[in-house]
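Order of writing sets the labels: A, B, C and D. Residues in every chain begin at 1.
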């Protein structure tokens, strides 16, 4: 059976929607492809706080998900850091089985970022994509007005914005899908609002390959 | 009856940081009752306030924290940033729990069960606790005149639970319980409860004041005045909520100034001896409310007429403060002279929930 | 200092409320949180007068609600003061939010309860539902059946609750009117006796600026279970302390109570009433009269319901053929679709090798007095069941059936 | 007994009833480092204030203003003396480029820096012993030719570095331009004399009436000294090349002032005096003429208006206030009169190119004006006399050919001040000359010690943008003005026109300084930090530290720093500051077990002082 866990680390409040868009769109496409999929917000650490780490989880399987009610992804195969600096902060590699993928939003190269990554031996690939730049994201705050509207869903309320990945989520989704093939490109592409950034990321992303060892 | 007399602290008032043209903060107490390592938002207004307040109070202090951000975020996972005794209490128990602590120390010192100067007893209630669920208990504590200071750190909403409207949420403020939509373009329709004035009017024997994190020394001095006041004191402090107001984190202090300069948060003191309001505080300059609103995402959806409505509200407050209104502000109260906020259109487009 | 220190032993005629007030005085409480509601009000009136007279040096706070009463008590106790509060009926319910936080933070607050029927109707009569509805909140709880016992229970409860091995709040209950407003002879001790029995309250980690701690910080889900387990352990662990303290009380004051159960004429009894509170007084007379007629009836009165003396109840009740539980409380939709005592009793008896028949009697509802003939009627029902070897039905509404 | 046999695993052990012991004040709450919330790190970095940058000798102006604010006048004086040997002089005569550059000028009014400098200078004059002491003697001898600003400065710095310095001055009194170029009602002689004394106190020998080329030869200098600084200045007045310029009653600006300054003047002015030229010297001459008894003084300039005149606006204003008449756009083409000037012939004129830097074109076809005068003072600049200097070191503009370090070829001769000036033909301001002397002195020292020389230093980061500071902390405050004598009476007296600041005034004015880009220990960052994670061992400029383990990067401190010395740097640019947690939470195994133990030991811990 194939079972994949995707964990997205993002910053509370200010980049909450970005993280949510990634897991939502990926799991939605997985459903369209007939797989069993689940996307959820971190609950244990709610209410989240500005700049605090919050995690979004996605689980995809070809069998029914029996661990639907567990709080966290214990063995993420794919980890996404929506904000590059988080690479310095936590053991986001914890529980990752060998052959995992780490995707970071940063203008730095994988070679540079490598120094901050714990447990590299488990990695099959380290992907860096300058999502903020590709999506013309005014770091960290932009268009306060619309941001205000998005904020309303940070506590897991109904999604207000009809747009999926209007901003830095788009290039990151592109990186996830292209580097891991977790879902088919053609199923996810139509969902993405920021097509331009999505397309650019496919070519601009920098991938570094490894030969992972079991730990 | 022969009893031990209760000795009470007298805290010195800090000097004004503006010494002529020079800006230089007065010497601050070295003790740090509030230490780093808590889960409040980056740039959290209430925790700025908490830090200043506790620093002003010093080490012989007991803090009471009704449910709210300053409980959930500060004392997460049994990690506490409080270097003085701190106790959580129910959100509706702000005043009563504090009264209990005060009464206990009165009795214990009097009966020789605790030796030392009567501690500063401070309750840090959010606006939800102070203006809604805990209103009666705070009123009770003030009315009974326990020697304590009750502070309302007013971030104008229930932030801890994920930004819901409180009776302190301003007109037009977007929260998860007052979202804008085609039917309700302004989000919140009601104007905030004038809590501080209510406390002053209802408990004229108490020291009551409003303050803002935008004026730290003023805030710290009011804390000390409140503590030096023999009996109950009530302090209402404007503390911007980064998460709910939606602004750039560095602006926390700035907002504290602008809100006052826009007349949306009058700074005053109630003098219990003279039984009169002291409106002498004047900000450096006076601005139209739009300059405050445009800094925050929670107002991003407002239309011209809503902004004008808020300006009217602000103008009334200025009048109350006895300020001669500049022509610009009178003009600003006319919708014709206002423009919609950036996201006013999106607010309607987005409104349909998925 | 108050005059508490120099009190001489004397006997007075006072009612339950005043007895409670006297107990609080002897305990030299530091903080009193009052709020008016009948029938417990009289206790607070008495204390107010004592403070006014200078008989007792305490902070007497007229709270703005029962919720505030309990919050004040919580705050004061957290600061290291001995506190006394109380309530009745709906007042008990208004304060409900605080019961778990107080026991959770392990503060030995003491609350005096003179029972009153919950609304509707606006009835002053005694029904135990008010206190019993909070029985699982981690408070020690028990009923007195007369003024003297009420007085003693307060001192005993303080001693148990404040014991370092326990540190739990206590509800010291008495029936409205039947105890609270009935005068009886109460022996007030010499204050020396009280000092010997009840040392000054000292919480290990109070809110003290010299040893700063944080009370009740936020926890993670995984930290909930250990804290709950700790509280459960305290509740169970205190049973040995309870027995120890009652023993010592007897030695010092000469009044010996069984901490759990009062047994009346049970040696040869075949059917017994199982009840708590003031109705025990009437029950005793009823039993005397029926015994004259040769009926082998007795009474088992529950003195402490939390922690529930499961083993004792099982051991004692299983000696009889029939047990008639007199509820004096409402458990709408409960297992017996009557009161709540039945379920506890049956649960206790379940492991017994030989189980008696158990009948639940809804008597004294709304504070109605349970008169002698009602006791006779209930005895009748129990004897029928004993003869028949099975019960007619689980619950009887006394006074509404043939 | 339901709880019988239950066991709480160590990693889940919690303190009694969840009661948590307070963190220690020094360590902070060490269980939950929040540093990893940060994307941008605040960093303290002082920037160069524009005043320091603009000052000819880079006085640490912000520095001494800050000290004056605190009432530390002596320290302020000592700080100023590092770069400026005679603040009492520049405090009076300087054209204060610092005030033109002052950021406060863009906000309300520039700080009156010169007045504060004068306050400090006068304070220094009053001292019995100067705070500046000579350096440890290094046994080397240096000659400084000329005791004007540049020479004075060079000598002063060299003496501080331990050289045995001898000043050779051709006039009878030392001071050069300070004495001979500046009227006494601007710079009273006793002030300068005191500053000269200070030089002597530093062990400097001053030989007056000693002229190079006459009393001392080039080779003597080479022979008798290890090195030599040439600061002879521009001594010879320029002529206007008008016919009859040699008639009696025609005077030249510099000599006119110099003779008065040296007390050797014999001139007796008539009632009507014309002054030719639009520079500062011309203005001094015009105002001096009034004090020398002239009744009507008229200033005639080629410049078409006051804006074009290369003079300090204040002085111009004061001159007009004193009633001097001002004509523009004219050049003098002839001095008429029988042996002695009786009138001037004027023609319309303008600069052919850049103002003051190009030949004058005179419209001789236009009808000539006749202007009756008793005296004319010509003040149109001056030039050097260097007949004693080896030709190889002369340049086409008739001044000394020195490299950008002020050195003559590879000799140990250095040149400073006007005589070595580069750039426009305008004479240096006193302060620039002082700066030049200072830098040349340093280079001389380096040269003798065989170290690489340094050209004029360029500022890395001058903070010019008010948005980098927080103006809300600076309410508008008017500039404190110095007292002045009444124009009508002062033109008759030799008294000092501009008065000194009182102590109160000096402090009040210094208090207006923004302290641009430089930490002045206002404590604001320390006060507004929400964590709080900003500490300071003691309250002092630039001693603030950020505990990166806790800083969440909210940047409130940066926003609220009044002076703009805090700035944000992306965290990823640092290799350091990695705060790695096992999970998103603070919880690490056994953590609360430790807390539980701490709680148990609480009562045995010493009581906190309250």
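Everything below uses one rule, namely that a residue touches a chain if its C-beta (ideal position, glycine included) is under 8 Å from a C-beta of that chain, and two chains touch if they have at least 3 such contacts.
Bear in mind the structure is a predicted one, so any value in this text is a computation, not a measurement.
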Chain whose Cα centroid lies at the greatest distance from that of subunit C: D
Selected interface, B-C versus A-B, where C-beta contact pairs are more numerous: B-C
Per-chain Cα centre nearest the global Cα centre, belonging to chain: B
Chain centre separation (subunit A, subunit B; CA means) in Å: 38
Between subunit B and subunit C, centroid-to-centroid distance (C-alpha), Å: 44
Intercentroid distance (Cα basis), subunit C paired with subunit A, Å: 58
Distance between the centres, which are taken as Cα means, of subunit D and subunit B, whole angstrom: 47
Sequence positions of subunit C contacting 2 or more other chains: 209-210, 212-217, 219-220, 223
For subunit B, residues contacting two or more additional chains: 39-44, 59-60, 72-73, 75-80, 82-86, 116, 119, 242, 249
Contacts with 2+ other chains: residues of subunit A: 44, 50-52, 140
Subunit C-touching residues of subunit B, taken from the complex the two chains share: 1-3, 59-62, 64, 71-73, 75-80, 82-90, 92-93, 95-101, 103-108, 110-111, 113-114, 116, 119, 136-137, 139-140, 143-144
Complex interface listing, subunit C residues touching subunit D: 104-106, 167, 204-205, 209-217, 219-220, 222-223, 225-227, 229-230, 232-233, 236-237
Contacting residues of subunit C [partner subunit B, same complex]: 1-2, 30-31, 33, 54, 57-59, 61-65, 67-69, 71-81, 83, 97-98, 101, 200, 206-210, 212-220, 223
Subunit D residues within the subunit C interface of the complex: 1-3, 6, 8, 12-14, 16-22, 585, 587, 592, 599, 602-603, 605, 607-608, 610
Sites on subunit D touched by subunit A in the complex: 36-39, 552-554, 570-572, 575, 577-585
